[in-house]
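Working notes for the structure below.
Each chain gets a letter, A, B, C, D and E, in the order it is written, and its residues are counted from 1.
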C-alpha cells in the first residue's frame, strides 16, 4: 500500500519540537549533508535527513519508533555543516524525550546507560566511571564488556574503590529532582 | 558635593582664564533656596557663582542652541541627561562636538521625579569628569514604560477620554518644545501657519494635533530627560506620548535608547527589508 | 602570574589522572594558578542533556554559581571537552534571558549570573602570554615528531557554543604543540566524532568511528595522537587495541594529552604524570623523540 | 487673486451618465476665485481643447481644473495644450471623475456628491499651484563601459556600431574576462575562445572604441547626460603607442611567476601578456614580480626591445572625461571556498579544484594542452567527483542564491571528462538539476547517456584515505550514507560579485542587494537600468547568469544607451524636491532616505543677525532627483518640499474634502 | 453627536495613493467597471513615502471618518525603497493613533499593486463598511465645543 500523506497526525508534535529547537522545518531542502557527515548514520534506521522529512510531513510515528533518535551522538556535525543551520541534534534530543515520555525506547542500552549515569550523579554528585560501567554490565547482562581493561586500570589506580563525592550529595539529588519535577516542556 | 562644587568652579575658572572657552553654562543660585537657574559664566570671576547641589534640575544642553554659530568654544556642565542631550544635538548636526567642552558631573539624582527612573546617572560623554562615577540604578523596561503600558490597557474610548482631558488643558505655550533637546529645528512647523499644518487657536483638536505631531517629531529621538513634563505649566503627561513611540521601537527593533552616542542611525531614516507588515 | 578557576571534571580523578598530573606540573612550571571550583559537581555530560534539558543546564550551572560565590571573578578554565561544552551551554542559557536565569536559579537554589566567562584549556593555553610562558620553560625538544592533534566534537561544535578558532580545521592545539618542536600534521579528522557517548551503550555502532580517526591519522603520517580531553583520550587509547583487532588496522598510535607533551619538554619526569599508565604503550615513542630532539637551544 | 477655470467633462455618457455634471459645474462656480465653470461633451477632443483655450483668453484664467478621466490618461495631453496658452502647464489639476467615480459607482446622488468633493479638492489644490518650468540637460554622446568581459565587449560593440563613442575600462591588462578562460560553452560545445576572441579583436580595432586596460574608475560625479568620470590607468611600463607586440621581451624575461590566467597551473614572465590572444596584444610589466622594479637590477626586456618601448619610470595616469551614460559590467568572481569549507579540505588538497581551474586543465591552450591531468602529480584521474552548489544555496556558509550556470557547466565537465578519458568515471553530487534554457535539458540527458552518475545529495566531507580523496555523502534517493573514492574533485563554486565592486557602486551611487549584486531598477520591467538615470548594467554584476543571458543583457543595455543618445538633450521633470534654505536646519534626515542620493548637505553663507555665518543646509541635485517625495515626509520643519505635491497643496486638498 | 445624527450619514474616507501602484490599481478597477461604495476620495501622490504622518492628523481633525495610506508592495516601489520608509513611519504612527484612542479601523495602510484592482475594490468596500459600522468620527475633530462636547 502506498503511504497516504494526508494524515498529518504528528504535525502538532513535530511543530512544537521544531519550535523549541528553533528550527524552521520548511528551510530544509533535503540535501542530505547531515546524513553524509553523521558518524552514526551507518547504524541508524532513519537518516537524520529523513527525520526532518518526516517532521515536515507531520509524521512523528516513524520518528518515535526509530533507533536513530537514541543513537545520535550529539556531535553537532550536521548542524555545523547544514546550509540552513538546522539544529538536528536538538530535534533528535527532543524527539527522544518525546519517545521516552510515550514509553518508547528504540535502543534500550542507551536509555539504561543514561539512567545509570544520572543515578550515579544523584548518589554522589560526581560520576564514577568504573561503578557506572559495572552497574551497566550487570543490568544489561553484558558482563564482559570493556572488562579486559580493568586490570590495567586497577594496577595504575585509575579507578578507586571509594567513589569521590561532593560535600553534600543530597544537594545534587534535590537539584536533579527539582529539575525533573518541572518536567519536560513537552506534555 | 561641596568638593565637586569647588572643583567645578576651579575648572570653570581655569577654562575661562586660559581662554579655552568663551562661556560656561551651569547652574546658579536664585532668590529661592530650593531653586537654581541656568547661568552663563563669561568671566573667571563669575565662576564663583556656579553651584552644584540637589536643586540643579534644569537641563542645560538646549541653551547652546541660543547661538548656533558660535565664535568660540562653549563649556557646558553635563549630568547624564545633559550629556545625552548633547549627543542628541550633535547627532542632529545642530552643533559641532568640537565646539563644546563638556564638564561631566556624575549625578545621584536631583530634586525631580524623573531622576528616580534615570538609567544614566553618569555622563555618557564628557571632556573632564568631576568626582568619581556614581553607581547606576537598574530600571527594568517594565518600570520605564509603566505609564505607557497602563494606558495601552485601556479601551479606545477610555484612551481618548484620558487624552482629550489632558489636551484640553494645553495652552500652546510651547514650553515643552523650547525645553526639549530633540526639538532643535531652527523653525518649528508649528509656527508655520501659512502652510496649514495646524491652526493657531487653542482648542482641543489643535492641541491634540500639536501634541501628537510633536510626539512623532521627537519620539524616535527622545532621550527621556523629562524636561518637557518638568516645564509644562499645565502638567500634561507629555512623556507618556514620546515613550509610547520609544516602547514601540523597542518592541519592534530591539533595545533602543537615544543619545548614548553621537552617531547612531536614525530609526526612521533607515529600513529593514524584513520589517513587519502585520500592522496592515 | 595568571589565576583562574578550574573545573577538573569527574574523569580527572580516575582515568584522567595522568592528564590531571600533567596539568598540575605544567601549571606549577609556568606559574599558572588553577583554583578548583569549591565543591564542584558532575556537569552531567554526556547523559543529562539526552534526558532532560533543565537538568542538563542546572548541573553545570551549579558549578558556575559556586565559582561566583567564591568571589574571585576569574575565568573558569575547563580541561575536559564535554564538561567545557556543558558549562558553556549553561552559561549562555543563564545569560540568554532573565526568565531562563530565574528558572535555573530556582533549580540549583542559589544565585547564578553567569558573570565568569568559561574557557577551554586550549583557549587558555593559546593566549599569547601563556604561549610565551610555556615557551620560556621548555627545555627539551620533540624535534620533528609527527603528531595528529585531535580536538573532537565538543571543543569545536556547535560553534556558537564552543567558539573554536575554526570549526572544521581548528589550529589552537597545533600551535601549542608546535612549541615543543613536534610537527602537527594536517589531517582530516581533527574534529570528527569518536563516538565516546555511545562506546558503552552502543559499542558496535560507535567503534568504527575510532577506527576511522586512527586510520586517517596514520594516513597523514602521524606517530601519535594528541588531545585535550580525558574522555577523547580514554576512548582512542583504551579501545584501540581491540578495535585494531576487529577492523584490521595497522596503527598503534600512542595517545597523549597536550599538557603531557608540554610537561615532558619542561623536564618533568614522565612517571610523575603516569606516562607508563597509558593503554597503548606511550613511553618508547617519547624517549626516542626526546633523544632525537635533545635540549632546546 | 487667482482666476480659476473649471471644466467638467461629460465624456459622452461615461461621466455624465452617472454624475450630474451640470451640478458639479454649478457647485464649482460658487467657489471663491472660480471665475469660469462649464461642462463640455468631450474635453480632450480638438473642439473641446479649442473651447478651453478660448475661455482661458476670454476670462484671463491663470489656473485650470479639468474634471474628466484619470490624470494618468490625459494629464500629458492637457499640459501640452496649455503650452501655447497664458497658463503654465503645471497650473493644472485633474479631478478623476471617470475611472474613480462614474465607472465605479451606480448611485447617481452619491457619485455626484463624490464628484463635487473631488472637484473641490482639485480647486483647493490648484489654488496652491505654482508655475513650474522644465529644464533640459545636454547629453554628451559618449558611453563609459566599466568591465571588459563578454558583457562589456558586447555592449561596447553595439553602442559603437550605432555610431557613438565608447570607452571600456578594464582593470586587467587585457579584455576578455572569464569567458576567454573557458574551454567550451554549453550546450553547443563551441569553443569559447573561438567565439569570443574575434569580438575582442573587433573591440581593439573599432574606430569608436577607446580601450583603457589596467585601469580603474576612481571618481564619478555629475548625472545623466554628463557624468564626470576620472579613470586611473596603472603604470604599464611599456609604451603601447610604440610597441608592436613582437613578444621578444617575454621570451627573454628571467622572472617566472604563477599565471593568473591559467589559475596558477603554469608560469608567466614578469613582462607579460595574460594570454596569447590578449587585446591589446601588447605586454605590461607586473611591478610586484619584476626584478628591475623591485631590486633595480635586470632590465633585460629593455635591452632586447627593438623599439625601446620599455620605460621603468612609467607612472599611473589619471584621465577625466565627460560621459553621457555608463554601463556597469563588472562581472563576478568565485567564492573563496577555501576559507569557508574546511570539510572539503579547505584548499589543502591540490586535486580538489574549482570549475574554473578545470576549464584551464581541459583547455587545449591551457597548461596541460587540454589533457586532463591531476594538479598534484600530473596523472590522469580515473574517478572524478563533481560537487555542485559549493557556496551556493548555503546561507550558513556561503550564499543563499542559486548560481544558475553550475548545473550546466558541471554537466559539460562530466561530458568532457568522459569524452577525453575513456574508462573514467564521473560522479556528480547534486541537490536539484536546473536546466531552464534552450537545449539545456537535452544536454543533461546526453551527459547521463555518456555515463555520468548523478547522486542526489550534498557531500559532507572530503578526506584522504589510501591516496584517494574520499567524498562522503548521502544518496538521498536511496536514503543511505555513501562514499565515493576520487582521484580528483571539481567543485562548482558559487559566483559572487567581483572583488571591489562595492567601492564602485558607492562611487556611482547605485544600490546593491544584500549580496552586493547591483540592483536593477525593476526586476521585471527595467532589468538593465539602475535607479540612477543614465547608469545601466549588463551581465553578472547584476546576479549570476550564463553567457547567453549576459550577452542579451549587454545588448539590451546598449539599446538603452543608444535611446538616450538619440536626443541632443533631455527634458527633466520640474516636479522634484527643493529646499527652503531659510527653514532648513541641516539635520540631514532627508539625506538618509533619498533612494537616488540626490540630497547632500552643503555649507552656505547666511546671516545671523548682523553676523555673516556659515550654515549647513540640504541641497537637491536636480539631475538626480526623481520626485518621489520621501524626503519631504522625513523633514520636520517642512523645509524640503516637492514641487507639484507641496505640503500646502496636499493639506488644502485634505481640508477641502471635509468642509 | 447631534450634528451628524443623520440616518443617511455616509462616512468620508480619504485615501492617499501612490501614483504607480494603487492609483493605477484604482483606475483599473474603473476600467473593469468594478463597483464599490462612493465613500473614498483618493489623493494622488507620487509615492506612499510622500505621505507625511501629519496629513493623517489633519484629515481626522478636519472631519474625515477614516484615512487610508496605500502604496506598492514592498520591493515593488517605483522609487526602489520609498515604501520601506512608509512602512516604518506608519507602523509607529498607527500605534500612536490607537494609543490616543483612534479606533484601529479608522486608519489603515495597505499595499495594493497596479494590477490588484479587485484588491482595491475589496479593501475600499471593507473599510467603508467597517467605518460605517463605527459611526462618525468625533475624535480629534475641531469645533468640539460648538457641538457640545463628546456625545458619548
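Everything that follows uses one rule, which is that a contact is a pair of C-beta atoms (placed from the backbone, for glycine too) under 8 Å apart; a residue touches a chain by one contact, two chains touch by 3 or more.
Keep in mind the model is a prediction, meaning the values are calculated, not measured.
Of all chains displayed, D has the C-alpha centre closest to the centre of the whole protein C-alpha set. Top-ranked chain pair, ordered by C-beta pairs in contact, is A-C. Among the other chains, C has the CA centre that is most remote from the centre of chain E. Chain B and chain E have centres, each the mean of its CA atoms, that are 34 Å apart.
Centre-to-centre, using mean CA coordinates, chain A is 56 Å away from chain E.
Taking the mean of the C-alpha atoms as each chain's centre, chain A and chain D sit 52 Å apart. In whole angstrom, the spacing between the mean C-alpha positions of chain C and chain E is 65. Across the assembly, chain C contributes residues 167-168 that each touch 2 or more other chains. The set of chain E residues that touch two or more partner chains comprises 53, 58, 81, 85, 89. Chain contacts: chain B has residues 189, 196-197, 268, 273 touching two or more partner chains. In this structure, the chains touch in the following pairs: A-C, A-D, B-D, B-E, C-D, D-E.
The residues of chain D lying in touch with chain B in their complex are 514, 582-589, 592-593, 601, 608, 611, 613-616, 634, 636-639, 647-648, 651-652, 655. On chain A, the positions that touch chain D within their shared complex are 29-38, 41-42, 47, 49-50, 77, 81-85.
Listing the residues of chain E that touch chain B in their complex gives 53-54, 57-58, 61, 74-75, 81, 84-85, 87-104, 108-111, 139-145, 150, 152. Those residues of chain D that touch chain A in the shared complex are 343, 389, 393-398, 431, 456-461, 472-476, 479-482.
Against chain D, the residues of chain E that register as touching in their complex are 10, 12, 14, 19, 23-24, 26-27, 29-31, 33-39, 41-47, 49-53, 55, 58-59, 62-64, 76, 78-82, 85, 89, 121.
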